[in-house]
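After this come two complexes, each holding subunit A, first together with subunit B and then together with subunit C.
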Partner chain A sequence: MSASEMALVAKDVRKTFTRNTGERIEALAGISLQVRSGTLTALVGPDGAGKTTLLRLASGLVLPDSGSLEVIGKDVASHPQDVQNRISYMPQRFGLYEDLSVQENLDLYADLHDVTRERRQEVYPRLFEMTQLGRFKDRPAGKLSGGMKQKLGLACTLVRSPKLLLLDEPTVGVDPLSRRELWEIVFKLVREEKLSVIVSTSYLDEAERCERAVLMHAGQVLDEGKPDEITARAEGCCFLVSDLNGASARSLQARIFSLPGIADAVPEAGRVRVVSKSATQELSVELDGVRLQAEAVKPRFEDAFMILFDRIMSDQRRAADPLGSNQTSNGTETVIEVRDLVRTFGDFTAVDHVSFDVRRGEVYGLLGPNGAGKSTTFKMLCGLLPATGGTLKVAGANLLTAGAKARQKLGYVAQKFSLYGQLTIDENLEFFASAYGLRGNDKKDRIRTLKQQLELDQFSGLPSGQLPGGFKQRLALAAALLHRPEILFLDEATSGADPLARRQFWGRITALSESGVTIIVTTHFMEEAEYCDRIIILDAGKNLAEGTPVDIRALAETNDDAAPTMDQAFIAIVEKERGKRKETAG
Partner chain B sequence: MLASLFRVLTLIRKELLVILKDPKSRASLVLPPILQCLIFGYAATYDLNTVPYALVDLDRSATSRELISKLEGSGIFQRQGTLVQVEQAASLLNNQKIVLVIVVEREFERQLASGGPAAVQLIADGRNSNTSGVAQGYANSIIADFTTEWRSRQGLPAPGVQVTTRSWFNPQLETRWTMIPSLVGTITMMMTMMLTAMSVAREREEGTFDQLLVAPFTPTEIMIGKAIPSMIVGIVQASAILLVALFWFQIPFAGSFLTLYVGLALFLAAAIGFGLFLSSLAANMQQAMILCFMFLMPFMLLSGLMSPTDNMPEALQYATMINPLKYAISITRQVYLEGAQFTEMLPDMIALIVIAAVTMPISAWMFRHRLN
Partner chain C sequence: MSGQDGTRRFAVLRRIRALVRKESWQLLRDPSSIGIGIVMPIALLILFGYGINLDVKNVPVVIVMEDDSAAARGIASAFELSDYFSAMPVKTMAQARDMLMSARANAIVRVPSDFSRSLELGNAQVQVIVNGADSNTARISLGYAQGAVSVWAQKEAARSGNSVGLITVESRLWFNEANDSTYFLVPGLIVLVMTLIGSMLTALVMAREWERGTFEALFVTPVNSFEILLGKTVPYFLLGLAGLALCIAGSKLLFGVPLRGSLAILTVVSMLYLLVALGLGLVISSATKNQFIASQVTMLVTFLPAMMLSGFMYDPRSMPFAVQAITYIFPARYFVKLLQTLFLAGNIWSVILPNAAVLAGMAVALLALSVRLTRKRIA
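Coming up: the complex of A and B.
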C-alpha cells in the first residue's frame, strides 16, 4: 500500500507535558498507528488516554518529542503549514464568536481560509442543507443550542473541503437527537465526498458505527480494528440477569459489579447486563447464597471495551464505598412536589405546565434534548430562578423564598465546574463545609472521609481549576455531600466523562440513594436513565412521558423493533410528539 | 444569629483567600495605588516652574530694563525671543514656544515717574487657560512689587490700596498639597469599586454565585461577605497613600486620624455599595467593567478633585450629591489640611451613610431577584 493512501501514519510518537507543579505527564507513550484515506476512524479511551494530544499533533498545533507523524503524506513536524492547509481540526470547544450570527461566523472562517466567492456560493447552500441551520442564519451563535453550535462548528471547519477532518469529542453535551443528526452529516461526508475523518469520542455506541475503532489507554494503542472484530472479543461473556429477587436493577448491578470475575454490570430495562471477564458457557453469579439466573446475549462494543480495560486497570475502580449517612429510606414520603410549573422568558415558554413528584430515596432523571427546559426546571427547583406559574416544593419549601434551613437540606452539583478555581481542594472543601455550618472535628472528619472516598488525596496543593476533568467532577460532588444533604441535584454531572468514570460515578450515586438520599439528575446519556428509578422526558417545555425506564421503553416498542435501546426509545418518543405538534400546527 | 455570623466570616475568609492567594494579585492591590499617587503628585500640578515668554520692549529705558531684569531674576520667566513688534509674537505663540508676551509700552518710564498710568501689556495663550492664568498671575505680582519698590525709591507715595494675599492651610499654594489628600479617596474608590464589581461578576460567570445562592447564605450575608473584604483592601490602600503623602511628599497632617479613618470607612462602604449595585446589574465581567468605567469617570469629574463643585451648573451640583467621592475629598482635605473636627464632618459622613444604606440593600435584593 503506498503512503498516499494513508491519511495518517504515526510511528513511535511520544509527547510529554510538564504541569505547573513540575509533574511530568506522558500523554503519548510511543504510539504507532495507520489510518487509511477515506475512512471514518474513532479514537476511544478514558480521559487522559492521549486522544486529544494525538489529534493536536496531527493538526500540527504541537510537535512530537520523538517519532514521526505523517498526515496526508507529509511530515507534520517539517511541513506544518502544508498539512494545516489540507486538514480541518475541530477542537472540543470550537471557537465560535457568540455575538456574531451563524452566517457571519461562517463568513469569518471562509475569510480566514481564503475561500473564494465562487466556492462559497457552491459550498454554503450545501452546508446549510446538511446542518439545517439555514433557518437560523441571522441568529447569534451564542443563542444556539449545544447541538446546533456543534453543527455550526462543523460547518465552519468544512468551508474549505479538507482532505482530512479531525473531530475532538464533537458530541459532548449534545442530546441524542442532535447527536444523531451530527453523525449523519459525518457519515454523509465520508460516503459521498470520500473524506477521511478521525473522531475521538467517549460514546461507545458512536465508535461502534465507525469503520475502524482505535482503543487508546495511557498514550498507547490498546486494540484496534473493525468495531465488529473488537466486539467479537466479548463473545460468550455477556449475560442478562432478569430475575432480581425483588432488588432494584441499580443496586443489584452495583453488587454484581464488585464481584470477582465480572468485567461489567449495568442496568438495562429493569434487568442487569453482566459481562464476565472470560468467555463461559454459563454465568455463575451468587449473591447472598442465591444463584442468579442468567441468559446469554449478543455482545456489544461497550462490553468488549469493558473487558479490555478490566484487564489493564487495577481494582481501584471497584471501591464504591457508601457515601451517605445511614438514614433509613422509606420510599413513600414525597420530598419534591412540582405542580403545573410554568416559566416564560418574554413570549417564549421554556417550561410549560410540568408536574411531577419525587419520593424519598428515589433517583429521578430529567431527560430531554437541548433546550427542552431541563435546566430551567432544575434552576427553579434549586431556587435559582423564580417560576412564572405553578407551585413547587422541595423538602416542603420553595427554595427561592425559603430560609437557610431549607437550603441546608440540599446539595447541588452544577453542569460546569463551579467551585473556586484559584483555591485548592482543601480550601474549597473547607469553605463549603463552613458554609453549611460544619465546625470543629465534625468538619475535619467529613472533609477527610469524603476526600478518601472520592480519592481526592493526590493533587491536594494544586489550584482546583487545574485539576483533570474527572477530579473536578469528584471535587464538586464532595463539596455537595459535605453537609449530608437529603436531596442531591446533579446537572449533567457526567457530561464528557469516559465510560469508566461514569460507572464509578453511578456506583457512588447508587450507594447514596440506598442510604436514603433523594437524587435528581439531568443527563444526555440515555443509558444512564437506566440507573434512575423513574424518569421524565421533556421537550419544548412539555412533559412527554414519565415512568420507570421499563415503562418508557415500552412506550417506544413497535412491531419491528421489539427491544429498543433507551436511546432509540427517547428519539422515538420525542419525534412522535414533534410530529403530532406539526400536524396540529399545519 | 451566631450561625449567620459564622457564615459571614466564612465568606470573608474565602474572599480574602481568593484575593490574596496569588502573589501577583497581592502586589496588584498595593503597588498601583502607590504608583498612581506618585504620578499624580508629580504630574498633576498647576504650579509653573518656568514660563517661556517673548519680550517686546518699546520703551527701551533704564526702568524698563530694570523691570525685565527683575522678572527674569525670579528664575521663572525665561525669554525665548526679543521682538521689535508685537505682531512678531504671533508665530511663537502659535507654535507654543511661549505662553506669554510681555509688552512694555512706549513712555513707560516717563508715565511712571509722572505718577500717571504706566502700561505693560500681557498677551497670553488662551488655549491653555490654566497655565496662562498662572503665568499672568506671576507676572502681575512681580510687576506690582516692582512698582511699589520703584515708587518708594523715588520718594513717591505708595499706591492707595495694596492687596496682600496669603493662603492658609497651604501657604505656598502648592497644587500637590490639595491633590494628594484627595487621591486617598479617588484611588481607593477606583480600586475597590472595580474589585467588588468584578469579584461578583466573576462568581456569576464561573457559576460559583449559584453555588452560594444554593447554600444557606442569605443575600444580606453574601453582600456583607463581599463588602467587608473590599473595605479591608480599601483601608490598606488608603493607608499606603497616606504614608506616601506624609513621608514622601511630607505634607503635614493637621487633623485626627480617628476622624479621617471613620470618614474613610464610611466612604468605602458607600463606594463598595455602588460597586455591588453595578455588579448586580451586570451579567458578566465585561459588563461589570464597562458599568464601572461609566460611573467612575463622572464621579471623578464631579468630585471637586479638579474643579470645585460649587462652580458647576446647578443641575450638576444636584448630581454631585450622590457622588461618594465628593464627600470623601471634602473629608480628606478638611481633616488632613485644616484639622477639621469630627462634628464638622458629620454632614458629609451622614451623606455617605445614606448612600451606603440605599445601594447595599438594593444590591442584596438584586442578588436573588435578578432575572436571567
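Coming up: the complex of A and C.
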C-alpha cells in the first residue's frame, strides 16, 4: 500500500501537557495509526482518551513531543501550512463568528480557501440543500439552534473539497433529529465524493455506522477495525433479561451491573440488556438466590466497547454506593404537579399547555429536540422563570412565590458547569454547604460523605475548572445533593460524557431514586430515557407523548419495524407530529 | 511558475480582504466598538471641554464698599469689569459675611472707609477674604484678586504720575494666554481615544477569538498569522482615524482650540501612535488569550499611564524623579508632547522629530513582537 493512499499515518506519537498545578498529563502515549484515504473513521473512547489532542495534532495546531505524524502525505510538524491548506477541521466549539450571518460565515471560509465565483455558485446551493440552512442565510450564526450551528460549522469546512475532513465531536449537545441529519450529510460526502473523514464521537451508535472505528483510551489505541469486526468480539456475551421479578428495569440493571463477570447492564424497553465478560452459552446470574431468565441476543457495537473497557477499567466502575439515606418511600404521592403550563416570549410560545405529574421517587425524563421548550419548563419548575399561564406545584408549593424553605427541597445540576472554576472541590462544596445553611459537624460530615461517595477525594485540591469533564459533573452533583434535596433537577447532565461516565452517573441516579429522591432529567441520549420511569416528549412547546419507555416505543412501532430503538421511536414521534402540523398549516 | 505565483499573490490579497471585511462587520455590529470608537470620543470631548475645567472664572465676589470715594469706586470697577469675577456690591461687612457663609459668594473684597485717605499716604489696603474650602480655586481667586488690584494700582499710578506703593504682579502664561485649560486638555483627549481604540478594542477582539475557539477553525485554513493580524489591524486603524478626526474637529469647532502646527504632521504622528497602541493591544491579547485579563492589563499598561503619566493631565516635570523616569517607558508621553507642541506651539521640528522617532521605533518593535507571538498553535 503506497503512502499516498493514506490520509493519516501516525508512528509512536506522544504528547504531554503540563497543568497549571505542575501536574503532567500524558494526552497521547505513543499512538500508531493508519487511516486510509476515502474512508470514514471514528475515534471513540472515554473523556481524556486523547481524541481531541490527536485531531489537533493532525491539523497542525499542536506539535507532538516525539514520533511522526503524516497527514495527506506531509509531515505536519514540519509543514503545518501545507497540511492546513488542504484539510478542513471542525473544532468542538465550531469556529463560527456569531455576529456574522450564515452567508457571511460561508463567504469568509470560501474567501480564505480561495474558492472561485463559479465554484461557489455550484457549491452553495448544494450546501444549503444539504444543511437546510437556505432559509436562514441572513440570520446571525449566534441566533441559530445548536443543531443548526453544527450544520453551518460543517458547511464552512465543505466550501471546497478538503483532502481530509477532521470533525471533533460534531454532535455533542445536538438532539437526535439534528444528529441524524448531520450524519446523513457526512455519509453522503463519503459516498459521493470519496472524502476522507476522521470523526471523534462519544456516541457509540455513530461509531458503529462508520467504516472503521478506533477505540482509544489513556492516549493509546486499544482496538481498531471495522465496527462489525469489533462488534463480533461480543458474540455470545449478550443477553436480554425480561422477567424482572417485579423490580424496575433500572434498579435490576444497577444490581446486575455491579456483579462480577458482568461487563455491562443497561435498561432496554423495560427489560435489562446484560453483557457478560466472556462468551457463554447461558447467562448465569443469580440475584437473591433466584436465577434470572435470559435469552441470548445479537451483540451491538456498544456491547463490545463495554467488554473492552471493562478489562482495563473494571476496578473503576463498580462504584454505585447508595447516595441518599436508605429510607425508601417510593409511593403514589405526587410531588410535582403541572397543569396547562404556558410560557410565551412575545409572540413566541415556548411552552404550550403542558401537563404532567411526577410521583415521589420517580425518575422522570423531559425529552425533545433543541428548542422544544425543555429548558423553559425546567426553569419554571425550579422557580427561576414565571409561567404565563397554568399552575405548577413542586413539593406542594409554587417555587416562584414560595420562600427559601421550599427551595431547600430541591437540587439543580445545570447543563453548563456552573460552579466556581477557580475554587477547589473542597472550597466549592464548603461554599454551597454554607449557602444551603449547613453548619458545623453536619456540614463537615455531609461534605466528607459526598466526596467519598462520588470519589472526588483524589482531586480535592485542584481548582475545579481544571477537573476532567466527568469529575466536574460529579462535583456539580455533589453540590446539588449537599442539603439532601427531595427533588433533583438534572439539565442535560451527561451531555458530552462518554459511555462509562454515563453508566456511573446513572448508577448514582438509580441509587438516589431508590432512597426516595424524585429526579427530573433532560437528555439528548435517547438510551438514557430507558432509565426513566416515565418520559414526556415535547416539541415546539407541545406535549407529543407521555408514558413509560415501553409505551413510547410502542407508539412508534410499525409493520416494518417491530422493535424500534428509543432513538428511532423519538424521531418517528417528532416527525409524525411535525408532518401533521404542516398539513394543518398548509 | 510565474503565473502560479501571480494567482497565489492575489489569493493572499483576497484572504486579507476577506479578513478585513469580516472584522469590519463584527466591528460595525458590535455596539460596544461603536461606543468606544465614536460615542466615547464625543462624550470625552464634551466632558473635558465643558465639564472639567481647571480655570477659575466668574468667581462670585462681594465687594464691601465702606469708602465712597472715586478711588474706591475705581477699585470696585476693576473687579466688576474683570472676566474672572462677578462682583456684587454691598454696604456692610455683615451682609458680605452672610453671603460667604451661605456660599452665594466665594470671596469678599473689602474697601475700608479710610481707603482714599491712606491711598494718598501711600499705604492703602484692600482686604480680600477667600473661601478656602477648595484650596485650588481659593489660591487662584486670590491671585486674580491681587492681579486685579495691582492692575488698577498701575493704571492709577500712570494716571497720577506717582507710585501708589503697590507691587505689580504680572501673571501670564505662554501658549495659553487666556489660561484656558480646554486648550490644554482637548488635544490630550486624542491620546485617550487612540489608546482605547488601538489597545483596548484590539486586545479584546483578539482575546475573544481565543476564548470562543474561533481561531481553532480559522488556523486550519491557508491564512497565516501575519494575515490574521493585518485583518485585525486595518479596521481598528481606520476606526482610530475616525476618532482622531472627531477629536480634531470637535476641539476646533466646539472649543476653538488653535492648531498651530500642520494637520498633515498631526495626522502622521497620530497614525504612528495608533500603530503603537495596536501593537500593544495585539501583544497583550496574544499573551493573555483571555478577554478579562487582556482588558485589565490593557487598562494598567496603556490607559492609566496615558491618563496619569503622559503629561496629559499632570506635568511630568513636577513628578518625583523616579516616576519621571518611568514615564519614558510609556508611548503616550511622547504622543502627548507631540500633540501639545503641534496644537499650541507649531511645527517645532526639534520636538517633533525625536518624539516621532521613538514612536516609530516602538511601533515597529511591538508589531514585530505581535507577529512572533501569534503563532498558529493552540497549546
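As a working rule, the second predicted complex is superposed on the first by the 583 of 586 C-alpha atoms of A that agree within 3 Å, B and C clash if a C-alpha of one lies under 4 Å from a C-alpha of the other, contacts with A are read in each partner's own complex, and residues count from 1 in each chain.
We adopt the following convention: a residue touches a chain if its C-beta (ideal position, glycine included) is under 8 Å from a C-beta of that chain, and two chains touch if they have at least 3 such contacts.
Since the structure is predicted, the reported quantities are computational estimates derived from the model, not experimental observations.
Peer 1: Are subunit B and subunit C a fit on subunit A, or do they clash, once the structures share the same frame?
Peer 2: Here the two partners, once superposed via subunit A, clash with each other.
Peer 1: Is A:448 in contact with subunit B, with subunit C, with both, or with neither (first, second, both, neither)?
Peer 2: Once the two structures are laid over each other on A, A:448 reaches no partner at all.
Peer 1: Touch check for A:87: first (subunit B), second (subunit C), both, or neither?
Peer 2: second
Peer 1: Does the superposition put A:63 against subunit B (first), subunit C (second), both, or neither?
Peer 2: second
Peer 1: Between subunit B (first) and subunit C (second), which does A:580 come into contact with in this model arrangement: first, second, both, or neither?
Peer 2: A:580 contacts neither subunit B nor subunit C.
Peer 1: Examine A:111 and indicate which partner it touches, taking first as subunit B and second as subunit C; both and neither are also allowed.
Peer 2: Second partner only.
Peer 1: Go through the superposed model and pick first if A:100 touches only subunit B, second if only subunit C, both, or neither.
Peer 2: Only subunit C; A:100 stays clear of subunit B.
Peer 1: In the overlay, answer first, second, both or neither for which of subunit B and subunit C A:137 touches.
Peer 2: The answer is neither, since A:137 touches no partner chain.
Peer 1: By the touch definition at the top of the document, which applies to A:412: first (subunit B), second (subunit C), both, or neither?
Peer 2: first
Peer 1: Superposition on A: which subunit C stretch among 26-34, 62-70 or 170-178 collides with subunit B?
Peer 2: Answer for the clashing stretch of subunit C: 170-178.
Peer 1: Could you please specify the touching residues of subunit A with respect to subunit B in the complex?
Peer 2: These residues of subunit A touch subunit B: 382-386, 399-400, 403-405, 407-408, 410, 412, 414, 416-423, 427, 431-432, 434-437, 439.
Peer 1: Inside the complex, what are the residues of subunit A that reach subunit C?
Peer 2: Listed in rising order, the residues of subunit A that touch subunit C are 17, 56, 59-63, 80-81, 84-85, 87-100, 104, 107-109, 111-114, 140, 153, 156-157, 166.
Peer 1: Please output the residues of subunit C touching subunit A within their complex, sorted ascending.
Peer 2: Where subunit C meets subunit A, its residues are 11, 14-15, 17-19, 21-22, 25-26, 29-30, 212-224, 376-379.
Peer 1: In the complex formed with subunit A, which residues of subunit B make contact?
Peer 2: 3-4, 6-7, 10-11, 13-14, 17-18, 21-22, 206-208, 210-218, 368-369, 371-372
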